[in-house]
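Letters A, B, C, D and E name the chains as they come in the text, with residue numbers starting at 1 for each one.
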Amino acid sequence: MNKPRPFEGKTYTLGSIEKGEHCCEAVPHFSIRDLSVSYHGEVVLSDVSLDVYKGCITALIGPSGCGKSSFLSVLNRLSDLIPGEHVSGNITFEGQDILTNNIDVRALRTNIGMIFQKPNPFPLSIYKNLLLPLKEHGVRDKKIQAEKIQQALESVGLWDEVKGRLDSSALALSGGQQQRLCIARALILEPSVLLMDEPCSALDPISSGIVEDMIQKLAGKYTIIIVTHNLAQARRIANYAAFFWMQESVGQLIEFGRCQPLFDSPQNSLTAAYVSGAKG
Amino acid sequence: MNKPRPFEGKTYTLGSIEKGEHCCEAVPHFSIRDLSVSYHGEVVLSDVSLDVYKGCITALIGPSGCGKSSFLSVLNRLSDLIPGEHVSGNITFEGQDILTNNIDVRALRTNIGMIFQKPNPFPLSIYKNLLLPLKEHGVRDKKIQAEKIQQALESVGLWDEVKGRLDSSALALSGGQQQRLCIARALILEPSVLLMDEPCSALDPISSGIVEDMIQKLAGKYTIIIVTHNLAQARRIANYAAFFWMQESVGQLIEFGRCQPLFDSPQNSLTAAYVSGAKG
Amino acid sequence: MIDKVFSLCMWAAATVVLCMFSWLIADVLIQGIPALSWEFLSSEPLRSGREGGVLPIIVSTALILVVALGVAVPLGLGGAIWLAEFANKESRLFSVIRMTLDMLAGVPSIVFGLFGYAFFCGFLQLGFSILSGGLTLACMILPILIRTTEAGLAMVPNDWRKAGAALGMRKTTLIIQVLIPYSAPAITAGLLLSIGRATAETAALIFTSGYVDRMPESLSDSGRALSVHIYDLSMNVVGGDKAAYGSALVLIIIVVQINFSANLLSEVWLEKKVARR
Amino acid sequence: MIDKVFSLCMWAAATVVLCMFSWLIADVLIQGIPALSWEFLSSEPLRSGREGGVLPIIVSTALILVVALGVAVPLGLGGAIWLAEFANKESRLFSVIRMTLDMLAGVPSIVFGLFGYAFFCGFLQLGFSILSGGLTLACMILPILIRTTEAGLAMVPNDWRKAGAALGMRKTTLIIQVLIPYSAPAITAGLLLSIGRATAETAALIFTSGYVDRMPESLSDSGRALSVHIYDLSMNVVGGDKAAYGSALVLIIIVVQINFSANLLSEVWLEKKVARR
Amino acid sequence: AQGNDDNRLVITGSSTVAPLMSEIAKRFERQHPGTRVDVQTGGSSRGIADARSGRADIGMASRAKKSSEFELLFHTVALDGIAIIVNKNNPLNTLTDEQIRLVFTGDIGNWKVLGGSDRAITVVNKAEGRSTLELFLQYMKLKNSEVAASIIIGDNQQGIKTVAGNEHAIGYVSIGAAEFEAGYGTPIKLLPMGGVAASVDSVKNRRFPLARPLNLVTKQDPVGLVKKFIAFAQSDSVHDLITDNYFVAIPAQTVAENGLGGGQAK
């Protein structure tokens, strides 16, 4: 066997965390075992096993193309929508196996908010982008709708910029504005899990700061998995970190652990090289 | 008059630069005067005047929605393609007014490469994405084509990841891979100017480093304008920096100058707040 | 350069098309306008249509169209949505339906007429009636509606399907609120082509909605469509040319009216919902 | 829940559509198969078509189709590209052309027949000929091709237009290499609908390509199309029903063949060029 | 099928007869309030088939009865003649039956042979299955396979347009239509047949040799409303309508006396 299996034999549940506003107990929210993902038969992620802890912020780091987005797409079964994607392995979410056919996928996804790497607001007005999911989940009162929408926009620092043009197209927003709109759209349903694929990549430091603050406020209540290339950011906000790497063009989980130790005293030489050598 | 006009009266050409591998003379490549951009009558950027120096790297920084992307889109007349966009003012590029109707827009754009904020590879194979612009500009020899394509992919660190599947869809690449493909596509034509709208936003530190190195190698030969939210990056690579800010929801140029002084001893209090206060 | 040449070719193509069509339209206008009058529009045909007007025929045409579109549009949209969004594209059923639809698009209208005659008039006991005619037309235009709508849906980027799914939205909501409105150009095209086909149809209607040029009193009455009237006037009625041109002009005016409203409706209902950059 | 209901409705719609169509197809198959034989396909019609075969008619149909598509496809694509990518959408010319096209889609085929007769047979001195017939058909199917292609192009995201422009690429290259291939679903739909319309057309061909059921020797010979043959057999020839069904079956087989190839071609030429995620 | 209804008639068939019958039906309805006569079209063969199957109460056929239709009853309503037409600029004014025969078989291929200009003759024949074609062939004692047609057409209007547009064409069409068009300046000329001028009048006089009956067809002896309608359609009171449609009316007693219904018009 050529590929390293980092957690073979030993437990990788690392006890109570040290960082984060809220103290998280190490209760697994997602238990992922032997997860492999392939596209049209080509394996891109293999044998990933890790626990994502309830109320904690888990950062995924790793080079481009190592399977971070693919990993996220499995957690809310969005992989179903991607032609050619095949998933094997085992994922338990709140005690339920979510990779079987007979689960309520819609309920699962409602429970798990997702922010995509490429912002994808609907081709509707800004207001409707937020109204649609609200209505869909039973918020019928117009006043409550308006309130929630304002709240969501405020929480991502977009309200002031767009309050005068809520009826204009979301596609006419700037890149960063679209990104924030998508974050607001995911938050408005108050899911218990947030999957964030580089939510701050298109954001300037101010907006990025707003989003970071928001994430830290949510920690404890929400389980958050965040893909970020900004190692400083990962270090600042995450409780746990998972490091992916590509070996023979197959993505693998190299190291998983509490954030600070992973950055400060990585077990694996690859991790060490990545967190130190790369320019932050 | 309410809005500040930072350069009123005084010259803002700042002499020879201190940073960057190559020494740039302060020869304006673009001279922009009183540039305003509006969408459907709503002004989003007003009265921008600055010189972009030949062979230098100019970083544009500023909060989301302040008009950085709009500014770039004017420089290669891409604004023509955006319905509702109206541009006024004056831009001289290599001695030619480029906002008049009778310039050869295609030649202009061939001369100016652009990298978009949202990666937009053509829905073709990876190879064809690079082949198309090559063929378009007269490279007919199959061997030269293959060489150039390999070179371009190598320069963005993508070659090893995709060499085995050059014929598969560019849309099936990961976010960062798409981003790098688009950079390669812009580079392959060897333009004399590069407009880069957050080229590293979706990139992990390693890829980001590769692109940064590449940018620094190009400086001196190429004039590069780069929008970046990563202030550390701007500081590392740029010779000049321009700081945009929104006042009454209209974007304005607040300060422009050599990069280091702008970061270390900003003239404007807004700039000072932005470069220090924000979380990098 | 090439762009210029290509542009020129395009211009040429557009010009040729326009010229040919202007000739046709001009022909109809020049010969039709003299026949057109308020009286022509508001009275019954006399002397086999050589004199009098086309009022009952306009009414019948309208009713037939209403029935045809009323049936075909929901079925067509439904069918297309099923094909594009729900059906398993690898399945046998899918390819059978696909093939059937393409086949039907090529069935001569006379065959539709005979089918309608056998099925609706005969089997379903509807007799020669506006209902039979409308239903037969509905069968004819379904493939058009389905094909175009399906093509439209196929071109909607997957991003929004993912976004919707990730928000736990029903596929239904997503389809109605985002995918269909975004596909509006294609759906409108299909709608207009269907309306065109339906108003232009002759052979299928002769056998189903019939030839009677009385004012229809209900949907189970026989009623003559304008296209049938025009056909009859120009083929079987000696000296019917003038009235035929007049009727053709009326038909074209109706088509333009309908298209105008259809465009408007689709803009208001569908396109206005989505905001394109 | 709603998703389920909606899904059920879709299923219902699809089933209704399928049932109705199965009836039609089954009808044609059951009555047509006994008439079909190698002899039927390879001999000339006898006794007004009641006996003998349809060979010359198949040949004429094929030639008419080739002419119609050969003319309409380039013109249609060209026109649509011009409308979608080059024309100023605010301009008067644009709306006039748009309106004209929509009007034409609703012109009854008999009017096209009379126009074709006057213009191609008369004015251009082509007489009753396959050429006249093909050109008339080309006029009829142009609106279909243009509308669908245009709708397809309208749905292509602007991103690639920007990417192309920023690379200094010719609009032409971009259109041919990216936009058209990406619009393939819509263009294919338009193509198949056009082919369907062309093979199904009767009235317009009676006046232009004519009734002669001899084997055509050149494009300037008159030739009877299959649809005309079917029309004639079922309308005017007593005892022609069996042969009519046989011919209808032949026509349907031809349509299926063509659609199959058209689908294949469009896949190879257009869709395979673009890689969708 | 709808004939069960006591005051409702469905008539289908010949598209030549349909416009005329539709007018007759309207007048009939006016005289018999409460009745409804729906005239449909679809061709002679459909009229016969529908009358036979009972789908229609009455069928319409623009030709005489055939032996294979022995069980049906034909009721003649009017006559139509068939005229040989040439272009108005054709110098010839008469042709013998034999000459016509030879022209249509292709044995005479040039107008010069007949004393005209030195141009090839364009023979315009009707499509197979048309009643006019069958009548013409029968009269000329030709088989369709012997006809060397340059152009084949389907309908009267098409035939008239073709001959009007081609100076060297010869064809045959309904006399009424030809007379009307010629009267309105369409450049065609009607040639006499067997010395009898081709006109509506000579058809009415029974002198014109090439004529066909326009028939109503029933399955049984007409009773009730069907009988009433057929009687009305054969009565003198619709002659103006028949004339108006460029067909030839037959005096009522002739119909009764000759039992013309089943017979040849000739």
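Here is the rule we go by: contacts are C-beta pairs under 8 Å (C-beta built on N, C-alpha and C of every residue); 3 or more make two chains touch, one makes a residue touch a chain.
All values reported here derive from a predicted model rather than from experimental measurement.
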Chains touching both chain B and chain C: A, D
Same-site or different-site touching of chain C by its copy chain D, using the half cut: same
Most distant chain from chain A by Cα centroid: E
Chain pair whose interface holds the most contacting C-beta pairs: C-D
Separation of mean Cα positions, chain B and chain A [Å, integer]: 29
Euclidean distance of C-alpha centroids - chain A vs chain E, Å: 83
Distance from the mean Cα position of chain D to that of chain C, given in whole angstrom: 15
Centre-of-Cα separation between chain E and chain C, whole angstrom: 36
Shared interface positions of chain D, touching two or more other chains: 3, 158, 170, 173, 182, 234-235, 276-277
Multi-chain contact residues (two or more partners), chain A: 82, 106, 118, 172
Multi-partner residues of chain E (at least 2 other chains): 15, 42, 155, 158
Contact footprint of chain C on chain D as seen in their complex: 2-3, 6-7, 9-14, 16-18, 20-25, 27-28, 74-75, 78-79, 81-83, 86-87, 97, 99-112, 114-115, 118-119, 139, 142-144, 146-148, 150-152, 154-158, 170-173, 182-183, 185-186, 188-190, 192-193, 195-197, 199-203, 226-227, 230-231, 234-235, 248, 251-252, 254-256, 258-259, 276-277
Of chain D, residues touching chain B in the complex: 158-170, 173, 177-178, 181-182, 273-277
Residues of chain E that touch chain C when the two form their complex: 1-2, 10, 15-16, 18-20, 22-23, 26, 38-42, 55, 155-158, 174, 176-177, 180-181, 184, 244-246
Sites on chain A touched by chain C in the complex: 76, 78, 80-82, 106-114, 116, 118, 120-125, 128, 132-133, 136-137, 168-172, 182, 185-186, 189
Interfacial residue positions of chain E with respect to chain D in the complex: 15, 42-46, 48-49, 66, 127-130, 144, 149, 151-155, 158, 161-162, 165
